[in-house]
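Chain nomenclature is as follows: A, B, C, D, E and F, assigned in order of appearance, with residue numbering initiated at 1 for each chain independently.
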Amino acid sequence: MFRRFFAPTVDVSAHCDLPCGVYDPAQARIEAESIKAIDKKVADNNDPDFRVRAAIIKEQRSQLVKEHLWVLWTDYFKPPHFEKYPQLHTLVNEATKLAGASGTKGSFDESVADELLAKIAEIDKIFQETKQAS
Amino acid sequence: MFRRFFAPTVDVSAHCDLPCGVYDPAQARIEAESIKAIDKKVADNNDPDFRVRAAIIKEQRSQLVKEHLWVLWTDYFKPPHFEKYPQLHTLVNEATKLAGASGTKGSFDESVADELLAKIAEIDKIFQETKQAS
Amino acid sequence: MFRRFFAPTVDVSAHCDLPCGVYDPAQARIEAESIKAIDKKVADNNDPDFRVRAAIIKEQRSQLVKEHLWVLWTDYFKPPHFEKYPQLHTLVNEATKLAGASGTKGSFDESVADELLAKIAEIDKIFQETKQAS
Amino acid sequence: MFRRFFAPTVDVSAHCDLPCGVYDPAQARIEAESIKAIDKKVADNNDPDFRVRAAIIKEQRSQLVKEHLWVLWTDYFKPPHFEKYPQLHTLVNEATKLAGASGTKGSFDESVADELLAKIAEIDKIFQETKQAS
Amino acid sequence: MFRRFFAPTVDVSAHCDLPCGVYDPAQARIEAESIKAIDKKVADNNDPDFRVRAAIIKEQRSQLVKEHLWVLWTDYFKPPHFEKYPQLHTLVNEATKLAGASGTKGSFDESVADELLAKIAEIDKIFQETKQAS
Amino acid sequence: MFRRFFAPTVDVSAHCDLPCGVYDPAQARIEAESIKAIDKKVADNNDPDFRVRAAIIKEQRSQLVKEHLWVLWTDYFKPPHFEKYPQLHTLVNEATKLAGASGTKGSFDESVADELLAKIAEIDKIFQETKQAS
């Protein structure tokens, strides 16, 4: 009944390691969108204290992106997926690197957040294909 | 460009307290769906060790529901929202209670998870309306 | 026997979600007093590295205030309390907002910490009354 | 002004490592009181799922006791205190052991929680004396 | 001077994402050894409360193994390493799966902990080779 | 079999509070080496954002040093150890202070990290002796 409120996102998915079986790249994407929004706010704000707060929070949000992607890589994706998508290991590895020191943790540049979002979108595309195949 | 992969969920929203401005009840919902899936798995599994693991994880997931809803209540919703939706305080209060000891933390009953999901759906409905109004 | 050491605070109270039944607004207050002390120290110290450390720690302490107050709102207070104290929802909502970006997280101004402490004191007053009534 | 609400606990004290200078053994005591309350509840409840939840939460609360006491030992107490109270090292060491595997973590026996509370009270007595001396 | 105390482990290595440049598979190994020790203790102990505590702790230790290995995979290993060791992606993926639900989280069997330790040893071997090559 | 890969560190040791019986001062040392590496990197880098990231991470790593040492003090060391090594209490207390505000948390000076490492080395020396005696 209450399902209709969520109509556009019928496939509920995410994450713990019981496993509950619920996985969703949206978790990583939401954090990456947050990083992009943080970058924008910092670009429009000259208060040095605000920049420090942004750095603290961007560090946390980037770490969450890494953790959500690692969970997908280890807990959701199985050997047949890696066989069918030979680029998948490299893709997740690059995406997690992009959420680290050489990526969003180390930069306030919005374009870096965009690169991260693009990688997450690629992972999400594969994720959605594997969901439909199962 | 990569946005097309996410077509059905155009409004990206969630959570930190910079604030980045990104909020999304989907975060609470995903955790509640996880709880429901855990309840189902426990109903189909007689291994006592599995039940203990499920209890540990359900405790964590329920706590995450509470935290995601608290963030919406404090950080996203503003005085005009509470004025327009006089039931909002009670709704969020009941939803967070439903993710606690008297709700999903204290029960493996799938119907309790359904009650929690229904409350989150009600909150999400108000959330979506306030997003469109802004 | 050892109780006499604690004479002035006979009513021990706090917080987990078993629930153990122990609740105490002192937990939120202690963190808010810490924030006020941090603000004072920063006002007396020109070292930029110190200010960064203070920002990191103030962010954590403010978050703890929010969490302690959320626990009271969801886990301690019950429907009859909200009926008897119609201002209680708004009061806790405002207090948690005051521990966030628009409050102590976003400011090193001691008067903001004082406002937060005043709100916590109002919550504590209601808390003490409900304890005596039970 | 709002201070009068807190009349019996004038000395606000606790904990972070800026340091803010606020320290209070009440933090450890509140968690230990929680453990005692958990033990009582378990003694009155035969539900095995409840006992598991209690074990999870008692593990966390015991850990918090250890952490609060460690903070006092390292951050609050200074060489002159250890000189004046030669038993202080042993006292805190025993108290933290009592919150571990050989103490409240490893037992649902209320008397173990009482032993822990007694040790915390001894630490608090020294703490209060050192506060008055300063 | 004090280095001589650590003689056998001259290469100090580990982990954060500044990055500090310090990495060490010993961190994952220590947690896995802990899991093995937990399995042994549970095999020798019939107390059901002890088994619950062991489950709680084994869940945490297994999660730490996953996190330490993920950090190596994303932060330490670089494209040339993955080129030189084409099995490396699969190896880390299998190792992290072995620390999850289908591995040490889901089992009290000591042989599962041994399998995990063997995988970590394979990763460590590659790690040591890459350290010497640099 | 896989043990040969770890030949130089035969004595596996670390930490949880089951207790698993595995303890290792290497955990504290690795974090302290990380702090030293962070100090070096900051000395060579004028980017203020980098310094803020370093401060955030140094705060975390220093806290980990404290926690690892506290675990040794409370969980590993027993009354006979404190009797045989009367300086042990003071040694661990000083080491944990050196990882705090008056030590590595409050300073980017590499020599402070060296002092901390030296203290950890002293603790490790005693640790190794007690391991051999048991």
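One rule holds for everything that comes next: contacts are C-beta pairs under 8 Å (C-beta built on N, C-alpha and C of every residue); 3 or more make two chains touch, one makes a residue touch a chain.
Treat the numbers as computed from the prediction; the structure is a model and nothing was measured.
Chain centres were defined as the mean of their Cα atoms; on that basis the chain farthest from chain D turns out to be A. For the pair chain A and chain C, the distance between mean C-alpha positions equals 33 Å.
Centre-to-centre, using mean CA coordinates, chain A is 19 Å away from chain B. Computed centre separation for the pair chain B/chain F is 40 angstrom, with centres defined by C-alpha atoms. Look at where the CA atoms of chain A average out and do the same for chain E: the two points lie 24 Å apart.
Multi-chain contact residues of chain C (touching two or more other chains) are listed as 17-18, 52-53, 56, 105. Contact annotation for chain pairs lists A-B, A-C, A-E, A-F, B-C, B-D, B-E, C-D, C-F, D-E, D-F, E-F, with touch applied as defined. Looking at the complex, you find that chain D touches chain F at residues 17-19, 63, 66, 70, 73-75, 77, 82, 89-90, 93, 96-97, 100-101, 105. Every residue of chain E that touches chain D in the complex is listed here, in rising order: 49-50, 52-53, 56.
The touching residues of chain C, counted against chain A in their complex, run 51-52, 55-56, 59, 105-106, 108. Residues of chain C touching chain D in their complex: 1-3, 5-6, 8-9, 12-18, 20-22, 24, 26-27, 29-31, 33-35, 37-38, 41, 53-54, 57, 60-61, 117-118, 121-122, 124-125, 128.
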